[in-house]
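Got some structures for you, see below.
You will see subunit A twice below: alongside subunit B first, and alongside subunit C after that.
Here is the complex of A and B:
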């Protein structure tokens, strides 16, 4: 039980770092992964991303994690970095 | 002066001439079908308004020229032009031949037709050819041109299709603007109108087919691709168009809307129409002809103008095809149906909007409509600020980098010079004054950086997953759009390309626009070039700020003209202010920044106090195969004590 939880936390942390790095490079943001709070809203008053950025993020995530993200999934997941991580983990470990 | 339209020519998926186009509309035919020219298997949809043709090996360059030639020849024949040497060309294109100088198609076309007038290219994405029609009228009003052929041409290429696909804008079925299922369908083609003064047409013995009443341009200053949801941009364009035609909202009988079919465009356009025309909009038939031939990009404005005029001639209104159920925030009367509706239109509006946040509205009148053209008074112009920017990162001193994270070098260079010019002029404006600030940019090509980013994304991830953000930067007016957004300019915006000097051509058109129209008070004229050419030319941006009606300013812009023979243009420019020829400014130029002419002008202004001379002629001519552009500036008085400018550069 303990090791299982520890393993999950490790996986989540490495995925989070991965997503942060992908966002920063795909969107050309001049910041480090540590500067970005994973609970900051991506759009609106948060990071101020727009619909074109959303397309860029989806395409980038699909090609880096080799998965398909439907429009509906994308709409739900693209709120914060953490919700993106949730989506990727749910897809990657769907069969666990 | 009355501007009349004496010739029409069209070539698109719906027909290879105006008659075929109109017959198809009368029969309720749709020109949209499966695309065969390139493979669409990778995409979620494979339809377009593509011109049939079996020759897949034909180069884009040849194909585009053949479209333009077919439409232009029809228009010239239709107008009974026997002597092409009196004809000028204003051509609008969004893509031109991708990756090459945007004006190539215009010079190729002018060469084929042996045109003897001026050649100007406008590239403002989907409003390109509407801009061209407006500027053609300006050339006629100024008396620079006798007859102008104005319109546009664009191709539907795989890359453009993939770009719209990646942005999720394409419909799986032929687009149905204002109707329940959103999405657009791309198209291609060419369309041209022959325009001249009523006097010239009478002299030539040809009949007017319609009247060109006026036009309006505006910038959204909202987002690089998404229209302002409140529609304030399109509303300002309509208000400016009515103002320049001397009409009231109630005079408009029909609107041929941009109506791309996308959720973002259609609702914002309807809101804009509502706010410009208030209650009158509820009674007004408003249709989109894109349901017939798709979104023909840079040719859309001219093709839709021709559809509007032809419908007016037949005493009908073209419907919106494929319409099923109304979408929220859509016109009360979208003219749903498959057959034109009998209607006696006296005055019609044709609206367009494009990437980069730009809107246009054109007003056409019936040929026999009696109206008195507005008398225009010319306002005096002064140069109130200038700048030359050679550093890509200069703009970062003014604006936090986050705002510019996904932009390119051209946009940064231009934004830098605009910041510099405003700083130099010491101008601070309230937000309600932004509606009257315009930006005309001379620019010949897309940013290399964005072109490379698109190519890289295609080669790495495949065409389906091309970089959406790079694609949205691939319109010539992108840097101008970024500046409007950053600085809040909401007046007329345009990107212009013309040999020998695009910056000077932008200055000619911008000065004329500012002096004759009262919908703009301040106009920034700039030029940008991100190519490094060698030791005497360098990447950069250069520009100046013009103000209308400022009697206190020491430096005036008093003359501007175009010419094909060197002395004549200079004479004309001098005549504007009863001047004697001064000297042509030359001297060591530190940079070209896309426009040696604007650099020379700024150089002259910098040194204006060190000479006793009062008037200066700046002339751009390299080869009179193209044209000469003359600009005259005058020193009204010595300004030894120029007030210190507030420095925002901290």
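Here is the complex of A and C:
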């Protein structure tokens, strides 16, 4: 496997794991990171979260990753676990 | 069948932009009633079925190998339960329930598909049309809830990522309902959608489809559907296979992808010269103006955000689901309307 692809996969995996741990901890979910698939919907079906949960998640993500998430960014990113990972990676790369 | 050509598709565009009506002949419904209806459901469903009146939950029914053969909502209407959804044509669900019912609970099953039909409205303004055609009480229905009507039942659910309502009405009233909805829908630019338009919408939103990826004998973790199961529940059909899978792990996963050119189902996906997976479904997305699909990709290549794969000598990029930013996410029934959409 090419080194740059290996590196990208490692970054994606570690960010995904961080996001899963934040979700599980912030929402007091009784599960392990492996129980939650990356494309699990967060609202409606899927985890069935509500607007209060959304605020909790945003606050936790901002705190843990030291970044600011606007309302519009939050609306677009809080669809699945993977879309949160996309947002964080895009902001981290933007800061590099 | 999915959309294969970059052509404008009226039903699909109505699902994405206004509202579309579909006569869902492949959706079925069982009514389970009796003192122990929910004891039965608790026995056969891999999720918790502690539902409030009017509440629905999206789950799967699994065979002994933990392979889903039914994609259903469990719904509570007082002491009665509905199993609403899709199951393989080869499966007689009532027979399967009898074989898996456990200690003979007190219940009876009625196949409502024989007496009723299901008309579905999907679209970012489906709520507004429903409120006008049926009544303003529709506006108060949360996602995954149901409500009895004077002559029928309405379920708020769907697989398009937009506002969705399934209307279950007696077959003899079907034509009257269609006429009413079409007449009310004229001012909403209502279009008739077919299975193809729904399938494409469902693919873009990464919904499970028994007729697509359901054909590959995949398990919930491979399908990214663990959320349809309760982690706390230990006994249900397929639970032993699920337990083994969780202990051993899995090495492949369904992943959403996009590509500029078409590919075929079962085409192999490569990283350099190494085969990393295969296409399970693909269709042209008029919103993205490229092809969207689901691929079964093996670890560690199964992540979203990788633009390094090839299919048929064309680039393929894995992406996070859903593949589109649904308009319904940005439409709020409290402040928006189809008639003022341009101002918004």
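We take it that the second predicted complex is superposed on the first by the 93 of 96 C-alpha atoms of A that agree within 3 Å, B and C clash if a C-alpha of one lies under 4 Å from a C-alpha of the other, contacts with A are read in each partner's own complex, and residues count from 1 in each chain.
Going forward, a residue touches a chain if its C-beta (ideal position, glycine included) is under 8 Å from a C-beta of that chain, and two chains touch if they have at least 3 such contacts.
Everything numeric in this text was worked out from a predicted model, so none of it was measured.
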Which of subunit B and subunit C A:70 touches, first, second, both or neither: neither
Subunit B versus subunit C as contact partner of A:5, first or second or both or neither: second
Contacts of A:89 with subunit B and subunit C, given as first, second, both or neither: second
Which superposed partner A:59 touches (first subunit B, second subunit C, both, neither): first
Partner chain(s) touched by A:13 [first = subunit B, second = subunit C, both, neither]: second
Touched partner set for A:30, first subunit B, second subunit C, both or neither: both
Partner chain in contact with A:39 - subunit B first, subunit C second, else both or neither: second
In the superposition, subunit B vs subunit C on subunit A residues touched: C
Intersection of subunit A interface sets (partners subunit B, subunit C): 30, 48
Residues of subunit A that touch subunit B when the two form their complex: 27-30, 48, 50-53, 55-56, 59, 62-63, 71
Subunit C contact footprint on subunit A (complex, rising order): 1-2, 5, 8-9, 12-13, 16, 30-31, 34-41, 44-48, 75-76, 79-80, 82-83, 85-86, 89
Contact footprint of subunit A on subunit C as seen in their complex: 58, 143-144, 206, 221, 224-227, 231-232, 246, 249, 253, 255-256, 271-272, 300-301, 303-306, 308, 320-322, 325, 329-330
Complex contact set, residues of subunit B against subunit A: 166-168, 223-226, 401-402, 405-406, 461, 465, 467-469, 472
